[in-house]
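Across the two complexes that follow, chain A remains constant while its partner is chain B and subsequently chain C.
And now, the complex of A and B:
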């Protein structure tokens, strides 16, 4: 499996990102033209032959100089005002009211992962996941952003959205993804020791596949059928895991750490730090502090048999 | 002659600055918890009496008990693991208060550790298998701070969240009472 770990603000995948990308290109172009003009004028002035003080008090020359300075200042003001309106107009289109048929997703920034909730008019149909946000292609998505500890910032460069998540205050932003794909998002406001390893994935997929995914996420976890995974569930419920993680359909309901109900369906673990494979998961459970020093998850003392059973159980949480 | 005095004074200023700079060293924060073995904490001693020659202090707790980071982590865990459900914010409710001077099962860090790990009669569950050793020490460090028994530079000056009342870690030091009878809060 390819580990999706790249993002770029120059690979727009939605209308907002395209708008921002075009605005950026335009500003860059304007700045390049201005730069070339200024440097050319500077070089001409530097290398022009200077007559030795003759004609310096010529009133016609004085008028020409004044005209040149005034027209340069006027051009600068005109350019800046034009850029101001372009920027203001783009900002208005980016942050305008979202269309009423938008999907609502609630994302909570935590040190150092993302809690993702798909709400519904029926609370029994709420789906909770972490660090992986699925969205349908071609439909606007509104993100309600909040934080429970410090200020984080929700940023998906390819989709052109960035908004701070502030404790005690809900902010929101919306975007639309037009091209299917997996886009990496990243916390963009320094939030502590593991800020750099606080990323997530946005998976934009066709609406029918998105509906299937969301239905699965709304489900409770399946009760394991084979004996090893059943033993793994017992290990989960009797060890340190249960103090922080929730798995719907089991007594585990703590909301301290990421929700693990459908852990095996995710592409990464530890907020986009590692690919979700058995080996990485085992290393993460035994000693997360080696991979992400300072992370809230403690090292876990599990006997080898218990660990294997636990891994089998976690892999069954599709 | 005249240049000797200022140079000596300058040297003195530099020396003072060095002393001040070196004296300001903060406690070391433990950025990475060491993975425990699958064995229980064998070094846990509940009393100062031990067979044979005197043994040095328990090494596993030394990084936590007088450590500001451990105290603040303990405070976070105290709320997240719902200790507040029975002990409130230290004032006690269903469970005994933790910010006073009465200790039923011992007031030392290792006593608090054992109480959390083993559980106690009349309602305190045994959290042994469900908590990592580091977390129990962090909780013990915080619980000690609630009765004002950590150094002033370890206890925080204020709480992170807004609080209507004075914060529990600002309690003046409560010297533990040694008693063999249950304290008032535990009597029927």
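And now, the complex of A and C:
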């Protein structure tokens, strides 16, 4: 599934998510058994046939009931303690220190998109993108999570990670993807108008393809070769676009909105809301408020020629 | 009348009174305890029953309003990319829904049922501070009116009932929406604190002679535990809402990380209140269930001491769970483990109570009337919420479930199962006492089954939706997510719930118009509220009862002593000792007055002005001071009563 990406806690794609899925199955099983026992006891107690002349306060029966209640309470305690230690065990396996060879990815939650940075010891090799996070399969990944406005929460159900992004503090969480695929993530903490459409994709791919992708992301944007795209670049640089967006290799360097350096390489636009096609892109540029009411991007009344040129330029940003 | 026995408090005697004296006393009681005539009398009426009924009616109206908001949300989410509501309307509606249901419906209504029944169950004539009680109601009413005025003026809360900063702070919630939220919370906290004081003092000092602590009905124990929880939990959220108002009004930056404040401080303060809050709603409902089970099976609840201990333990433990709302914030694992353990272990006391009720039903003779059906429904629905509660208490499991529709399912199973089912049961059980008329049994069954089916249809699919990746508080979702069908099922379930509530409303109207007369004791109940007429007179009991067991009405003895010797020409009550309820003193309760209303209006002006200007504080201080001086100033009638009391020693 390319769009919108897989998004179920029941489709684990890594060891953490698998652990959580198994823990969940176990808990459902226990709950189902206890539910049947309790409800059966209740219904039998209510509907059982009562022999004629059965007294209400037979001391022997009161003693038997005391035993039954005590045993049921004991069983409850035993079950809960078992569940608790199961939970502790899973928690311990989930939150150990990440291995030293882990990849570090810094994700910043913004109203309403995700700013993604791959840092390196050499700042010239940093790569910045938005709303699409590529990771190699079989290798641990550490996410450093932060927010610069309100609280967001970073959640990828298939990978079993969720962690709040809280302004003023940086948290981190690590996981590993074992199965290649495209997994959808979603902001889980209410963050304002477009909380509903604040998604992203995690693309788990073989290490060699990941390396190729990352190298490409580190590059600056290529200068367009054909004339239409060149004109599109002029439109971009001469319009309000540059107030918010950055394209490395051009004078546009603002970090208010998503970085567009390799926009055309992404699968979606508007934070996982639309497939990245020419038509959707055009609609989004002209009237983003129609698609995500309240979003920070203003409408852009571009002349048809300018729009076509701009689209050609943006589509060249591979 | 056997007054004039000096200060020696021994008003308990065997009933020696002749019919003529009795009738004269009854008339005097009627005159002393009745409210004044007309609208003025209504506005000043300090009878606990009248105040409680107002609370219940108001809270039920808020329940309907909150339900309409829920219906709008379900309509919006019935299909993907629906355009019925935009994100702005949706934010206000879901925030108002939560704020309404938690602050304006759930807590006020369960404590109001207590305000009505506790004095009747313990055999006294009114609550300990009748004027304060009325003031609490008016403050609550103003709070609710503020919230809905805000909503109608497009200034409803927009950051959720939990109102996390910085989203609700000055930078990200400009305008007055979050201020309306903060002050609504402040109003309802004041009123809840007042109710808790009323319950605690009334239960401790006004019980019928002989009703030692180990003979209090479980209903009253539950109210008492919840009242103590309110006293310890509510100040935290009042603090939090005041901090939020200060951040927004005078720039204190308490929650602003850029200035050294901390957004997590809000979460700790809010949930330190917010989790006990859930149990404040649930514990009184446990009391409803115990009363109904006992009344409907014709035997005392099995394991009374264990039941009391379970209630008290629940009260204590509920203060140790709040961090489970914050498992995703990155709190150190060791402290998470503690809160995880507490959150699971709180299932034990509730489990024990369910086992004890099961044993009671087993050995009793259940009558399958509507209140009993709601009790059975309560257990079935609530324990599903309990199981998912244990799941989200597990830190690793919560990683997936947190802030998804799984939690929406969980909390509605707990609250609807744990509180609304018992509440409906309580309505069928006790409304005959309040109105003197029965509710219809057939409509009641329709109500029950529609509600039971509706709740499960609405909320069960949400477990799956949550694990399928649907997060909470979303105003829409993409068609490609595949969440459409289950959402449609949930929306159909919401319609079913609406139908069930409509049936209940019809039943209420029909019972009011021409329901079967209830008589004093339609269920053959065990506790004192059934010993008086339906509806009870303003003075509750003509002859205040004494008790010798936990189920006084089932062991009625012809020679049971009653309390005599209290003055009937003024509002006098018997004060008893805290542990054993031995007669200790007599106390005159104050007469009705308009000052509680004026004080509430002064309070309202203060907090509403504080939305707009810090000058609200000094102005309000003056107004409230004046109001409370007026409140304490004895009226000519009271002055005369005081003089008479002093003369007569």
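As a working rule, the second predicted complex is superposed on the first by the 299 of 318 C-alpha atoms of A that agree within 3 Å, B and C clash if a C-alpha of one lies under 4 Å from a C-alpha of the other, contacts with A are read in each partner's own complex, and residues count from 1 in each chain.
The rule we apply is simple: contacts are C-beta pairs under 8 Å (C-beta built on N, C-alpha and C of every residue); 3 or more make two chains touch, one makes a residue touch a chain.
Note that this is a predicted model, so its numbers are computed, not measured.
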Partner chain in contact with A:293 - chain B first, chain C second, else both or neither: both
Comparing the two partners chain B and chain C, which touches a greater set of residues in chain A: C
First, second, both or neither for A:302, with chain B first and chain C second: first
First (chain B), second (chain C), both or neither touched by A:212: neither
Which superposed partner A:193 touches (first chain B, second chain C, both, neither): both
Partner chain in contact with A:24 - chain B first, chain C second, else both or neither: second
Touching partner for A:256 - first (chain B), second (chain C), both, neither: first
Partner chain in contact with A:67 - chain B first, chain C second, else both or neither: neither
Chain B versus chain C as contact partner of A:78, first or second or both or neither: neither
Touched partner set for A:37, first chain B, second chain C, both or neither: neither
Residues of chain A that lie at the interface with chain B and also at the interface with chain C: 193, 293-294
Chain B-touching residues of chain A, taken from the complex the two chains share: 193, 238-240, 242-244, 254, 256, 286-287, 289-290, 293-294, 298-303
Residue ranges of chain A in contact with chain C within the complex: 3-4, 7-10, 19-20, 23-24, 27, 31, 34-35, 38-39, 41-46, 48, 50, 56-58, 61-62, 65-66, 68-69, 72-73, 76-77, 80, 83-84, 86-88, 90-91, 94-95, 111, 149-151, 153, 155, 157, 160-164, 166-169, 171, 173, 184, 186-197, 273, 293-294
Residues of chain C touching chain A in the complex: 86-88, 91, 159-160, 164, 166-167, 172, 257-258, 262-264, 298-299, 302-303, 306, 328-330, 333, 336-337, 340-341, 344-345, 347-348, 351-352, 354-356, 358-359, 361-366, 368, 376, 379-380, 383-384, 387-388, 390-391, 393-397, 399-400, 402-404, 467-469, 471-478, 480-481
In the complex, chain B residues that touch chain A: 31-39, 80-81, 129-135
